[in-house]
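Taking it in order: structure first as structure tokens, then the write-up.
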Amino acid sequence: MRNIVIAPLAPIRISVEAEILSPDIFAPLSLEQICGLDVWQGNRKRRISDLFRVVGDEGPVKPEETALRLEGDFSRVKRIAEGMTAGTVDVTGSVGMHAGNNMKGGRLRILGNADDWLGREMRGGSIIVEGNAGNYAGAGYRGERCGMRGGEIEIRGNAGAYLGEHLCGGNIRVAGNAGDFPGAANQGGTIFIGGSCHLPGAEMTKGAIIVNGKAKVLPGYQKLEIVTIGGEKYQKYAGDLVENGKGELFIQAGSS
Amino acid sequence: MMVEDAICSFCGCLCDDINVEVEENNVKRVRHACRLGSSKIMGHERIRSPMVRKDGELKEVSYQQAYERAAEILLAASKPLLYGWASTVCEAQKKGILLAEEVGGVLDSTATVCHGPSVIGIEEKGLPGATLGQVKNRADTIVFWGCNPAEAHPRHSLRYSSNACGRFTPEGRSAKRIIVVDVRETRTSKNADKQVIIQPGTDYEVISALRMLVAGKGDVVPDEVGGVAKKELASLAQMLLAAKFGAVFFGLGITHSRGRYKNIDNALSLVADLNSHTKFVIMPMRGHYNVGGIGQVLAWSSGYPMSVDFTRQAPYFNPGETAACDLLAKADTDAALIIAADPASNFPRKIVEELAKMPIIQIDPYENPTTLLADVVIPSAIAGVEAEGTAYRMDGLALRMRKLVNSSYPSDEEILDGILECVRSLRSAMRMQGGA
Amino acid sequence: MISGRTLAQGANCESKMSEDFFKAASSCHLSKEDYDLLGLSDGKNILLKNEFGKTVLSPRVDDGLRKGIVFVPMGPWANILIGPDTGGCGTPQFKGVEIDIEATNSPIMDIRELFGSVQRAEA
Amino acid sequence: MIIRGGIVYDPANGIFGEEMDICIDGGRIVEDAKGEVIDARGLLVMPGGVDAHTHIAGKKMNTGRIMRPDDSRLGTEPRSGVCRPSTGYTVPNCYAMGYRYARMGYTTAFEAATPIIEARHTHEELEEIPILDKGALTLFGNNWEVMECVHDKDIAKLAAYVAWGLRAARGYGIKIVNPGGGEAWGFGSNVKGLYDPVPNFDVTPAEIIHALAEANEMLRLPHSIHLHFNNLGKPGNYTTALETLEALKDIKPSRMRQAVHVTHMQFSAYGGTSWRDFESKASVIADYLNRHDHATMDMGQLLFGAATTMTADAPLEYGNARLTHNKWSNHDIELEESSGVVPMVYLRKMLVNAVQWAIGLELALLTEDPWKVLMTTDSPNGSPFVNYPEVIALLMSKPKRDSEMATLHAELSKRTSLGGIEREMDWSEIAIMTRAAPARILGLEDKGHLGLGADGDVSIYNLSPEEVDASKEHATVKKALATAKYTIKSGIVVCKDGEIIATPRGKTYWVDAAALQADMDRLMVDLRDKFERYYSVQMSNYAVQDVYVTNPKVIKAGLGAEPLKEVA
């Protein structure tokens, strides 16, 4: 593997849009070329080397042979690993919005927290967040009919609102709580929520949502039988019937 | 002199039947307007002169000096916010968009603290609407959901909705059924045929229940939703289905509550569903008289109706990321131009505290709390009273605002032009310096 | 707490530095039940507070409100209690905000006092 | 300016691929000129393109933008050079409208549908569209005053209303959409056909159409009525199309042009009884047009991929939304119209979409006279206008059509006759369908040709018509048409090799028609009453003010007006 380490030179105030922080972009370039890539900070075009220290192995290699390590606080850096197809990105701190946006393959791992729109419209690969994720993880852009279509998102902390909105495929797993409206308009993906959430599966037409904690269930859900999944008992619901939905909602029995 | 059929520049009703008596260039009397409109047209104490803050004090300067200082602030910023725009005319809004492009800023309107969630809802579902005259002529059933027009849009009922008479509604109020859904009793609900009081933050669930009942799937609906008995909701659903022409008007009661845009999204679906059975339309009750206008102008200029980020020279839109409150809450902006708005009063306090940390340019006819924080204050003519121009009514209808009196103040459009010119000359001076 | 437009607040929203606006926007409407419960009849003001701040307002009985719900006209007094979070969609939650209320003898701050404490950075 | 040595196609002047120089001075075509010389040796030269039916401005376009940020993000191009930023694919922003048309060599585009009361908004957007000359047709087919005049059989008063309405809207001509259906939609219903009475008004769609055609000719308007049929978009609707055309046979045009222009015929040439047995009836329609001279049409070609449907046919849009389970905007317009907007994706694998795709091409290829068929996609209903080069390539190349059909549903060949059509259009026919005919059909004397005095609008393509075999080299054709080598607008090079280099302001055509004062007086009694009782705006605030049309080109028409010069 070719290892490349990037770290901010100083704390970042105005957020940086850095869609080029991806194995696909870096793999064929030398370190010097990488340093010369542009990122945007507000209306200013900056070089990577103006804002970050870049060290590591020389290339070129293939994307799948590239391991990118982001050290420090990237919470004000947006669009990390956008569209990546292969390789790995490891972030020791937190990341800004749209990390793993439109990701197609490879692995993005975030030790801190992720901001809103993590894995937006993701198609493949995997994202692991050790901390919390913001709103709209695995969702689609404004007005779009399809959010995440494939791949895996694992959030070991809590997730914000609109988790997996317009989900069309793939799996999302949240160890903690999710906010309002997880799995809204789900059309075929699967969401597991270890904790509680509010109004899951609004307008869900296909797919499944499993909630281990408490959840307020919408009036468009028909209560069905108690089922056992992985040794746990769940109350099964079908819906959302406002959309003639055939989605499945499971809430741990006795919790809601 | 009497100016007839003047257009009121207070709320989104844009009443265009106002008669204004003008004597010696002063408004003497306003006829037909409501209390809100009269107060606006009669006018208040004005800012007298442009001012620039020096050593903590606002000092009077010339317009040109104010424009130059404003241009310096905007060009020094890497992410300036250009905010407001709802209480000025489209001609000024167009200039504002050009300025935002020139300085690479983010342009946002007061919609983001009003009906911004409605816009996001519309992006999910579309807007089955109508002009207000259609409602006046046809509606026999009117729902006010989370809005209180008796206080916020006082002439709405007479001109367009509850009390209006039209071709198929000759009996006016007596033949209409008025329904109010809210978390409290209001002046509007007290005059309704049916009021439904729901628990705060349960709009989404209540709408879902109504969609189920309208579709004949009431058997699945629990006995109580949002604090309202199923029987009560069923009778509401029956009233909706019995309409020959129904209209839903909604306000900030639904956009500002838990669920935000999802509430609107679901209400839009309810109306779409109802159209399988009868005729229904829905419309947001817009507050500022031309908040509709900035949405329209911005949409045809940039493709998006609010919260447009021009920092990378190409429009990018994402409320939640690019709206004024988002940027301020995350300290992700470094200068602000505020026009025809008062964020110091209308934003959450914590966000105002962030705003105060940045250089602020204010363009407004009146002193307000934002003035207390501003570094450059530029007084303007009152659009719709002292300056003419275009405004869009809450139903999207464009009207031309009349000029009622002359003013020595420059219009918003002229001020923005002045700033734009200074931005251009300052930038070319900077380029020449950089090149030398 | 919910905040929103009133006629009086709206009529004075372009003269925000005026006494009329102060009167219109620095009040808190509540049910008779809550009013009596807090013992506000002897001319006391009402203190509203939550994690974001606290504000003193003059209480007004409003028959339209249920117990447990108070209404404050939109404006700088109400906004002290509104959180900065935009919930991912650009708009703070101005309605349905959880607060604690109690009677107080403290005075209501006028508009200049209200903003006097805001830290400004010189451009 | 001299355009040197191009291979010129100017069908209106009988020029079909001749090598010649074109001179422009003062924004117009002249005999001789000095100045800039543009080397066009061997290259395809045509008049600037004219789009006679497109949706580029107004409430429904903006509604499309507002409800589709997913579309707006697709066409994003940053501000650069003389250009402001572009966004959108099916619903571009105003700037992109101008740049993209100009990039394809188009210099004129007519917005197809504006209600009078919302014309101010339409002009606000038209003003923001750079480069293009433009105009807007005005909707009359569901208007209360119209239906009342029709009911009273008072054609003179109707003509007065049309004249008044065009003036109030700064409009160019009479647009009729699903006549009577828009009014019926006011209470959620529709009209079923030509002779189904409009609820509450006791008139039929047939009567509305015929009366408006009579009024149109009474006023000697430059354009004929511009008609969107009833029952549009429904299987089996070709009978409505034929019935309507028959019902207009007796209209005597007041000028050398058609009596009716039927728009986006593709959506009205449907056979079958449902979407299951849906089939093309294009050949029947084309056959009718081949035998009759009172009607012209535009294709309304559908292409696979994203579209946004937007039309004053509101009930159709509700049907679309329910069928596709997509977002739905509706907009009813008091006393005048209704309308809707629904996003759409046309899929290759859907047989219905494949048949629709074939119908548009069949219509164009089976109609013998290219002067009767305009190339359009009813942008953005059938496809956004940027895909015109694809349509042209399909018309010019049988191999391209065959290779497309090979990717489509096997059943397609049973539902259409497209596979058996050998015709391949040549550059003369393309120049007619995209330049000469739209200008003539609209009645634009200075457009669509390169005769002396015509507007100096010229497009030059990086393609040699003598060397390129359009049938085989359709990819080359498509590429060349997508990016003009030069687009010249009023003598100014606005686009060079696909790059926009100048953005002059275009003009806006509108028709000022005179009616008899006595009729106007009678009309005013009606209108005052309507404003008093029904409209939500005052009469004095209704009409579009001059300030909204800053560069007008006013065409005089009407009773007592000078007879119009006929188009060549």
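By written order: A, B, C and D. Residues from 1 in each chain.
Quick note on the criterion: contacts are C-beta pairs under 8 Å (C-beta built on N, C-alpha and C of every residue); 3 or more make two chains touch, one makes a residue touch a chain.
Source: prediction; values computed, not measured.
Engineer: Quick check: more C-beta contact pairs in A-D or B-D?
Structural biologist: Answer by contact count: B-D.
Engineer: Which chain wins if you rank chains by how close their C-alpha centre is to the centre of all protein C-alpha atoms?
Structural biologist: Chain nearest the overall C-alpha centroid, as shown: B.
Engineer: How far is the middle of chain A from the middle of chain D, if each middle is the mean of its Cα atoms, in Å?
Structural biologist: Spacing between the chain centres: roughly 45 Å.
Engineer: Taking each chain's centre as the mean of its CA atoms, how far is chain B from chain D in angstrom?
Structural biologist: 35
Engineer: Which integer distance in Å separates the CA centroid of chain A from that of chain B?
Structural biologist: Between these chains, centre-to-centre, one finds 34 Å.
Engineer: Please tell me the distance, in whole Å, between the geometric centres of chain C and chain D computed from their C-alpha atoms.
Structural biologist: Comparing mean C-alpha positions, chain D is 56 Å from chain C.
Engineer: Can you pull out the residues of chain C that are in contact with at least two other chains?
Structural biologist: Only 87-88 qualify.
Engineer: Got the chain D residues that touch at least 2 other chains?
Structural biologist: Chain D, residues with two or more chain partners: 67-70, 73, 327.
Engineer: Of all the residues in chain B, which ones touch at least 2 other chains?
Structural biologist: 120, 123-124, 258, 310, 312-313, 317, 319-320
Engineer: Pairs of chains that touch, anyone?
Structural biologist: A-B, A-C, A-D, B-C, B-D
Engineer: Per the contact definition, I'd like the list of chain D residues that touch chain A in the complex.
Structural biologist: 67-71, 73, 326-327
Engineer: Under the touch definition given earlier, write down the residues of chain A that touch chain D in their complex.
Structural biologist: 140-145
Engineer: Tell me, which parts of chain C touch chain A in their complex?
Structural biologist: Residues in contact with chain A: 87-88.
Engineer: Which part of chain A faces chain C closely enough to touch in the complex?
Structural biologist: Counting only chain A, the residues touching chain C are 116, 134-136, 160-162.
Engineer: Touching residues of chain D toward chain B in the complex: what are they?
Structural biologist: Within the complex, chain D contacts chain B at residues 57, 59, 61-63, 65-70, 72-73, 76-80, 84-85, 87-88, 91-95, 117-118, 120-121, 124-125, 128, 144, 185-188, 200, 318, 321-322, 327-335, 338, 341-342, 533-538, 540-541, 545, 547.
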